[in-house]
Amino acid sequence: MNEIKSPEESRKSLDRIFRDLTRSITHRDEMSRFWLFILVMFAIVGVWGFIIQIQRGLGVTGMRDYVSWGAYIANFVFFVAVSLIGFLISSTLHLLKIEWSKPISRVAEQVAIAAVAMAGLIIVMDMGRPDRLQNVFLHGRFASPILWDLTVVTTYLVISVLLFYLPLIPDLALLRDRLTGVPEIQKKIYTVLALGWKGNEEQYRLVTHAMRILMILIIPVGLSIHTVTSWLFASTLRAGWDTTIFGPYFVSGAFVAGTAAVVMVMFVYRLRYRLKNYFTHHHFDMMGKLLVFVCLVYLYFNINEFLVPGYKMRLHEGIHLRELFAGGYSRMFWFVQIAGLILPIFLLLFKYFRRPFPMFLISFLVLVASWFKRYVIVIPTMEHPHLPVQNVPDYFKHYAPTSNEIVILLFGFVGALIIITLLAKLFPVISIWEYAHQQGIDKKYLTEKPENQ
Amino acid sequence: MEQNYNTRRSFLKSLGVTLGVAGLGVSSGVLTSCSKVSSVSPEGKIRLLTPGGTLVEVDASQLTPAEMPSLTDNQKRGRLGMEGKSWVMVIDLSKCRNARQCMAACQNHHQLRPEQHHINVLQMQDAEHTAPYYMPKPCMHCDNPPCTKVCPVNATFKRADGIVLIDNERCIGCRFCIAACPYSARVFNWFEPRDAEKYEGVTYNIEANVPQKKGTISKCLFSADLLRDGKLPSCVSACPNSVYWFGDRNEDAVTNGTTKETVSFSKLIRDNGAYTLMEELGTKPRVYYLPPKNRTFPFEGELIEKGHQG
Amino acid sequence: MRKFFFLSAAVLFLLPGLQGFSQVWEVPADQDALKNPSAFNNENVKAGRELYNTHCKSCHGDPGKNNALPLVPPPPDVTSEQMLQNSEGALFYKITTGRVAMPAFETTLTEEQRWRIVSFMKSFDPANEGLLVKEEPVKARLQGAADETAKVLTLSAQTLNASGEWMPLPHADLFISAKRTFGSLAIGQAKTNGSGHAEFKFPEEFKGDWEGLVDLRVTLGEDFSCDPLVMNRLKIAAPADTENLFADRVLWSTNDRTQWWLILAYLGVVGGVWLVIGYVIFQILKIYKAGKE
């Protein structure tokens, strides 16, 4: 924390901070309209694909009786994984009293909300009868991991939204009081959401208190969301899934994907909203180190996951591993391992690569590899059940997503990007009051009416 | 004497079923593949082909459409199962010659598409140099079923007589059960099922899982509807090679579908070294296999693939 | 489906078929001339029928019903012209050697057995009509009582003699079986003594229903025309150990039979988490309140 500033200085720098951090809201140009237009177009195509899928049946996908879980499930696992970063950055690092991560927490929460919301939607899109979703509530079986998954996804979404909202309240009051040049309706939204914030001691105490509780609560919930997702696979008897380390394996993998996603969003904000002084080289440097750390943990679990069964090569495990190491999935598998794990670890050891732009590129690679990692976890296992696959057409034996399926898959990404974009367009991407506080600006200046109004 | 008591009544009843079905414009489905209405003559006489294969002429007024219980009754009954029964199947691999009559009868009975198999005759080879053999593979109706464990809505369930059923009025199509089943015994209706428009409006029968529904699971159910009528499952009675034995483990008796011979279940599996499929998984199957030794038919044809695995 | 099956069968047998079969199945002259050494009588034909049912029916189908399997070349029905034009020796030769899809029975069946199948097949030859005299079965009746505590059946058999009187039937085989869901399960046999009486000790380990009740049926051999003796609901068998799949709370079962720990853990954890969330929402309301002061 910087030293206490004089009132004059405080007011000045608060104005500057406010201007910088609300640029995402006030800044409107052709580029952002075009971006939203593209996203909405893709989303419409995705919805159209989904309507076709409902009319004709899940058969419009590449899935069949043997590979009955395909890219949708891989996509679902990917989004659940990405969402986990919210809990790592905005809760764990906070509780560890790590200072540098504070400006990043809101980005992390944005990513978490977008990802977990899409994960919930994707799982509904994967159902054969989405019209019967209510059966899960009417006839839910406590013994089914799907019920646990549904419970934990909803819970995590609610906690993430609260964790996004609580530190936003003082900012909302700032927006309510100071923001100009936005539609009346938007102002009204800020007024309502600001809950009559006055910035008194009691209110700050309540926010901190509630935040603390949520930060602790999200740790077990966050861990269980991805652990339960891993149990969807680990609770079956199939080679490649039937392993005990799937819980921590998935959680550590999730941190890799999530960190990469947050770095990418950070980089875009930094560029688009001119936040060079807020998302600094230092932040990217630290995120780079974090990425190396989570990659190393993930590498450790990967070694466990493949070396132990690979050493024994039991019948079905052996077939599965051969397929991954040298068979039809070997290219994808080695791309995932090298581009998504080995390479980032190696490159990010050098400070040169921990600068914003190289970080952005590496994160992109990691994120792509993370998606294919989920694909490699889901599909090869399904292609090799215990008993031979016979008396079915050839296209039952090998899975490849159809165009209709890809359109719906893209909907997941587009939907997440729309949510992130809207959140950035509505709310500051860095907590203004916390940042101001960090800059040594006293809270009392926050509630002051700005002079120039 | 007591064996004869049911002939006339059940004969008429089965005709009734046929007529009832025929009235809906359905060729067959409730009965075996060969029963169908041949023609209706103007005098109100109806010529029918019985399941046994004989052509008979009956007065139309004598026939009543078969009673179908309402959907809820059917579901309730189907979920309870048949009291005191514990169904088991024994498959004699030494007799199987890949005639596939079981698969055909099953697909007919359960209105399945050609690529959907409740029972599938697989070419097996346990190790590189061992002899290949044919293995019919229905649902194992496990006593520790991995599929019902994972179902989120209790759409697939195990009932008191051991049969694992599916309620396609409740299934949400998440396909977790397919992932969980190590025997690949389950199929999914990826599109509109076979003859969907033909069976539109027909009351769902949970014990045969017909009519099939788009977006739901289907699986072998030991022809639970036939069992309720005291008949053997369709695959069992369709087999021309005496492969299948089916019966009640509580009674310790199984009956051969081809020869209709009834023997002691415990003696049959003891004397022939019976085993269950992948018992190491702890699923406790209800389908027993007799090993393919002293085979009636040698393995013929090309091996589809090398080794045991697909 | 039928088409699919036919195709696969065709593929299966086409390859060896191309090498090995011509339309005519040549039989060496000396083999063709062979005569059936076993007598053409009811007993041999009956034995032949049983052998046919076990070894031949699966491909050739039921006699006269033309329901043979659609193989290449097609297995003819035993009553068909094509089949019956074979001499006894030719039939024997073909059964022995086999060809294409038809297995050779040289090692599976003894010579005697093969000849009996020939006898059975020749019984459909119109030329042989009238050679087999249907024996009129003897009229008989059965009576019996059961001692449920001693687990003994007391049976007696009688036969109708020429003057229409019921006489004891000595040295006749009685077959005792139990009714099962899909057929009757043989329990054992008893032989009547000189005065037409027989005792049958019911086997200790034989299972009835859960109460030990069993429906029995006693029959005479095929040579007699006799209604079976039916004894229903005798409490003579050992009670079956009926298994109850729902005795324990298990994971694969419905919610009301799932383990307690699972339900409690689920509800406890979810309830706890949502209570805390509720508390946090309550704090948010308090923030609103604090702003009004």
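Odds and ends about this structure:
Each chain carries a letter (A, B and C) given by its place in the written order, and its residues are counted from 1.
Note that contacts are C-beta pairs under 8 Å (C-beta built on N, C-alpha and C of every residue); 3 or more make two chains touch, one makes a residue touch a chain.
On a predicted model such as this, the values are computed, not experimentally measured, just so you know.
Chain contacts here are complete: no pair of chains fails to touch. When the C-beta pairs in contact are tallied for B-C and for A-B, the bigger tally goes to A-B. Chain closest to the overall centre, judged by the mean of its C-alpha atoms against the mean of all protein C-alpha atoms: B. Distance between chain centres (mean CA atoms), subunit A to subunit C: 62 Å.
Separating the CA-averaged centres of subunit B and subunit C is a span of 17 Å. One simple way to say how far apart two chains are is to compare their mean CA positions; for subunit A and subunit B this gives 47 Å. Annotation for subunit C: residues touching 2 or more other chains are 251-255. Annotation for subunit B: residues 103, 146, 149, 154 touch two or more other chains.
In subunit A, the residues touching two or more other chains are 140-141, 143.
Subunit A makes touch with subunit B in their complex at residues 56-59, 63-66, 68-69, 126-130, 132-133, 135-136, 138-141, 143-147, 150, 232-233, 235-238, 315-316, 319, 382, 384-393, 396-397.
Residues 103, 115-117, 120-124, 137, 146, 149-155, 170-176, 178-180, 182-184, 186-192, 214-217, 278, 281, 283, 304-305, 308-310 of subunit B touch subunit A in their complex.
On the subunit A side of its complex with subunit C, the touching residues are 140-143, 148, 151, 155, 158-159, 162, 165-166, 169, 195-198, 200, 202-203, 206-207, 209-210, 213-214, 217, 220-221. Against subunit B, the residues of subunit C that register as touching in their complex are 1-2, 4-5, 8, 11-13, 16, 53-55, 57-59, 61, 65, 69, 101, 103, 178-186, 207, 209-210, 215, 217, 227-228, 230, 232, 240-246, 250-255. Listed in rising order, the residues of subunit C touching subunit A in the complex are 251-255, 258, 262-263, 266-267, 270, 273-274, 276-277, 279-281, 283-284, 286-288, 290-293.
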